[in-house]
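As written, the chain order gives the labels A, B and C, with residue 1 at the start of each chain.
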Amino acid sequence: MLVQRNDVGRVLFTYATLTFFALIFMIPLVYALYTSFLQLKDVDSIVPFRELTVDSYVRLWTSPAYSLPRWYWNTAVMTGIIIGGNLIFNTMAGYALSKLDFYGKRVIFFIILATLMIPYHIVLIPVYTTMATLGWLDTMRALTIPYMSQVLHIFLVRQFFLGVPNELLEASRLDGLSKIGAFFRIMLPLSGPALATMIILIFTGTWNSFMIPSTMVTRKEMFVLVVGLNSVKDQYFDRTNLIMAGVILTTLPVILLFLFLQKWYVQGVSTSGLKG
Amino acid sequence: MTDRPVPVKHNRYSAWSDSDTFVGWLFVAPFLMIWGFWFFRPFMLSLSRSFQDVNFMDLNAARFIWFGNYLDILRDPEFHEAVLHSLTIVVFAVPTQSLLALLVAIALNRKLPGRGVFRTIYSVPYIVSPIAVATVFMVLFRRNQVIVRLLSTIIQTPNVTWFADVNLALPFVILMFIWQQTGFFMIIYIAGLQGIPDDLYEAATVDGANPFQKFRYITVPSLKPVTYFVVTVGTILAFQIFDQIAAISRYGNLGSPAGATTTVITYFYQHGIRYMNIGRGSAAVVIFVLIIMAITALQKRLMAVKE
Amino acid sequence: MRIFRTTMAITIVMFLSVPVLLSARGGSEAPTDEVTTIRLGLWGAEAAINAYAENSQGVEDVFPGVRIDMQPSPSSQEFWNTLPGRIAAGTAPDILQLTNEGAFEYIDAGLFIPIGEILAEAGLSMDEFSESALDIWTVDGELYGIPVSVGPAMFFINVDMWEEAGLGEYPTTWEEVEQAAGALTTEDRHGLIVNIHPFHLTNYVLSHGGGWGNGRTIASDANEQGLNTVIRMFESGVAVSPQQAGYGWDGEVFSNRAAAMSTGGHWYKAFLSNAAPDLNWVAVPMPQGGTMASTSHSEAIVVLRDAVDRTAAVQAAYYLAREAALENLMINASINPARPSLSAQYYEVNPEFQAVQPYVQYGQDFGYPAETSRFIDALVRRMEERILAGRSVTTREILSDLQSDFQ
C-alpha cells in the first residue's frame, strides 16, 4: 500500500516537473504564435481575444510577392533529397569507420572532424563559382548535391554504431554473413533510433537553412520557404507579426515530423534483437 | 533474431565483400567524392587566399604576401578579445548544455505515457528559428521586466536591458545558446539511451544495484561514444555561434554593445565577408580551426576517450 | 595520442602544401544577338520591387533591343555577401538600385562606372533631375548614378508628450532639444532617442557644421562638437539608445512611446502608420548645431563595371527613372521622387513632410571614407565604448584615432 502511494506521488511529481519545464520551453513558440495573430501596432502588448487577426497569414498566402505552396514544395524536395543521400551515404561511412579496420581510416575520421570545425562560409564563394560554371545555379542540384553526405551526421552515426556490441557482428560472421551483409542485416535493423535521430536533425537543419539557398538561388520560383519568407522584410524596418507568422509556418512541419517519428524513435532497439 | 539468415554462397566476390579494406574504402567512397569536390577543393582555394593580398573586385590580381594576413590578425587586440569571448562561451556553455541534456534525456527515457509529446516540446527551442528565440529573449530581458527585476533581487544584476549592457550581453548570448542547444543534444542522448540494452539494467537489478550505481556503472560507460560526440560537437558549435549574436545586433554593429559579443566567428565574418577582405578572412578561419583543434584534442585527453 | 599526432602531421602538411590553385576562369562572351538583356539587382520592400517590375515593362519601345530582367535579393546583406562570387562567376547584375549610404565604397573600388559620357552619347539629358540628388551621385565631377529618390533626414517629435510637458515651439537647435528632452524625461520614458548608428551620428556632426569628407575631415572640431552633444545628452540621462530601452531600432522606441523625440527619416511614416496608428507625431527639420544641414538618402540606379553592354545598361537605368516610373514608385512605394516635377504631388500625398520641404537643399551625402563598412563599424564601436561602457576617452582621441586609420 505504502509503496504504491509513493509511486503515485512520484509519477505525479514527475509529470508536474515535466509540465512545468515544458511550459517554459514552449514560451518562444507560444510567443511567436501569439504575435503572428497580432496587428503590428499591438506587438509587445496583451490584447483581448477578439482583436486577434489572421491578417498576417492571409497576407503571406495571398500576396503576389509570395508563392508559399511553391516554396513549401521546393523546401520539401530539397529536404527529401538531402535526407535520402545522408541516410545512405552516412550509414555506409559510419559503418566503415566504426566496425571495419582498414588503412586510412584514421585519416578519414580526422578529415571529418576537421571539416566540422571549418565554418562553411569560407567555401561558399568558390562553391558558388563552381555552380555558376556548371550552370547549376537556380536549380535543385545546387541546393542538394554538395550536402548529400554531411560530416556532422557521419560522426553521429559512427558514434552510435560504436555502441553496437561487436559480439553481434562476430556472431553474424559465424552465420556466414559477409561484411557487406552484416551492414544490411545487423547494423541497419539495429539503428532505428540513430537513424530517426539523424532524420530529425537533418530535417531541422535543412528545412531551416538559409545561407546556402539564399546564395545559390535568385529566382523567386526556386526560393525555399525560409529565404522567401525572409524577403518579407521592409527596407527600413521589420514587421514582427509577419516574421512570426513565417516562423510558425516554417516550424509546424518540423514539429509534426517530430511527433510522427516518436514511434520509430522508441521502437529502435528491442532487447530481443540483441539477444539474437 | 530467431530466423537465421541463409548463409551467403561462397563465390569469387565473397573475398572482396569480406575484406575490411575493400568494403571500408567502398563505403566511404561516396562521402569522399562529395567531400573532395565540394569541400576540399573549394577550401584549398580559399586557403591559398589566406596568403594573398586580394581584392574582391579582381580575384586574379592577387599578390602573394606570405604570412602577412596571419601576423596582422595575431597582432590585432580586437582578435584577442574575440578569442577570449569564444573561450568564455565554450567554458560556460559546453558543460552546462551537456549535463542538462543528459538529465532531461534520462527523465524522458522513462516509460511514461505521453513522453513523445514531452520530448517534442523539450526540443522546441532547438526547432524554432534563432530569430524567434532571440526576439522573445530580447523582450523578456528588457529593463524593468519581471525576469530582470527578479534576477536583480536574487543575484544583484542591475535592472538594465541585458543585451545593451556591456557586462551582461555575453551572458545573455550564452543563455540563449544553451537554451537552444540543450534540445539538440537531448535528442542525441535520448537515442543513445535507447541503444543501451535493457538486459544490462535487469542484470544489475538482480545483482542488487541501486539507481545511482546503475547510472554510474551502466549508463555513463554505455553513453561514452555519444558523450564524446556531444562534447566535441558542442565545443565546435559553441565556437561557431553566430545566429544569436547576429540577432541581438540586428540593427547595429555585429558584436555590439561596444564589442562585448565579438567572437572569433564574428571577427571572420566582419573581415572576410563584410569588409570583403577575403585574404584576411581566410587567415582568420585557419587560426580559428587551429584553436578548435587544440581544444578538442585537449578535451579528448581529459575525457580519456579511446575514440 | 596517435590520432593527435596524425592530426598535427596532416595540418602541417596541408599548411605547407598550399598549392597556388587558380580557379579556371569561366569565359563569358558578350551576347551578339539583337536583344540585350540587362539584369537589374535590387532589394527592399515588397511594394518597391513590384513597382520596379511594372516599371521595367516596355523598355524595348523606347530603347529598341534592350530588355530588363529583375534579379531581386532577399536583402542588401545577401546581395553584398555573394557579390564577389557573382563577379568571379560572371553572374553579377548589370545595373543595381541602391542608396547612397554605402555607395562610395564601391565607387572608389571601381565597381560602378561613371555614366556622364555614355548619357551624352546616347542623347539622354539629366536636366529634369533634382540638383541635390545629382550632387549626391557626383564624385570628383563624374556622375555615377541615375537618381530615383532623394529625401532629407528629419527630426520626429511625439506631439502628445510635447504638449503634455507644456512645451511651446518645436526645437530648431540642439540646445533647445536638450532642454526639451530634460522636460520630457520621466520615470519610464526618455526625452530623446539617440541610436548609436552611423546614420544618426552623421546627422549630429553635419548639423554642427562638420562631416566626414570621405575620410579627409574626420578629426574636425565640428565633428567633435557634434559627438560631444550626443555624449552629453547620454550623461545627463535625457537620451537613451534603442538597445538600452530594450528595442531594436529608434522607430520601435518611438512607436512604443518609450521616448519622445528622435532623428529619423521618411520611413517613419510607413512604420508608424502600421505600428502605432494613433500616435500623434510631427516631423520637423533637423535641429541645428550652428549649421543648417542633414544627411540625405538618395536611391539611384548605377551601372556595374562588368555590364554586358554599358550603353544598353545606361539606357535601361534611364528608362527605370523616367517620370512615369518615379510616379509609380511614389504612389505605391512612397518614395520622394528625384524629379522636381513630381515634388508638388509628393507633398500633397505626404503633408506630414511639408515642413521639411524647404530644407531639402541642405541635405548632403553621408561622406564616409572609402572603407565605409570598416569605418562605420569602428566609429560605432568607439562611441559605444565611450557611452555604454563608460570608457574614459575623449571625443578628440576617438576622432584622431579614426583619422589616422582612415586617411
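Quick note on the criterion: contacts are C-beta pairs under 8 Å (C-beta built on N, C-alpha and C of every residue); 3 or more make two chains touch, one makes a residue touch a chain.
Nothing here was measured: the structure is a model prediction, and the numbers come from that model.
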With chains as vertices joined when they touch, what's the shape: line, ring, star, complete or other? complete
Between A-C and A-B, which chain pair shares more contacting C-beta pairs? A-B
Chain centre separation in whole Å, for chain C relative to chain A (CA means): 38
Would you mind pulling out the distance in Å between where the CA atoms of chain A average out and where those of chain B do? 15
In chain B, which residues are in touch with two or more of the other chains? 41, 45, 139, 250, 273, 278, 293, 307
Find every residue in chain C that makes contact with two or more other chains and list them. 3, 7, 11, 23, 81, 84, 88, 248-249
Per-residue overlap in chain A, given as positions that touch at least 2 other chains: 44, 109, 114, 125-126, 238
Interfacial residue positions of chain C with respect to chain A in the complex: 2-3, 6-7, 10-11, 23-24, 26, 43-46, 48-50, 71-75, 78, 81-82, 84-86, 88-91, 248-249, 251-252, 255-256, 265, 267, 270-271, 274-278
Would you mind writing out the residues of chain C in touch with chain B in their complex? 3-4, 7, 11, 14-15, 18-23, 25, 80-81, 83-84, 87-88, 109-111, 188, 195-197, 241-246, 248-249, 305, 371, 373-374, 377, 380-381, 384-385, 388-389, 391
List the residues on chain A that touch chain B in their complex, please. 11, 14-15, 17-18, 21-22, 25-29, 31-32, 44, 88-90, 92-93, 95-97, 100-105, 108-109, 111, 113-119, 121-123, 125-127, 130, 145-146, 148-149, 151-152, 154-156, 159-160, 162-164, 172, 175-181, 183, 185, 193-194, 196-197, 200-201, 204, 208, 226, 238, 240, 243-244, 247, 250-251, 254-255, 258-259, 262-263, 265-266, 268-269, 271, 273-276
Provide the residue numbers of chain B that touch chain C in the complex, in ascending order. 41, 44-45, 47-48, 51, 55-57, 59-60, 64, 138-139, 141-145, 160-161, 163-166, 250-260, 270, 273-276, 278, 286, 290, 293, 297, 300-301, 307
Would you pull the chain A residues touching chain C in the complex into a rising list? 39-41, 43-44, 63-65, 106-107, 109-110, 114, 124-126, 128-129, 131-133, 137, 214-215, 218, 220, 227, 230-239
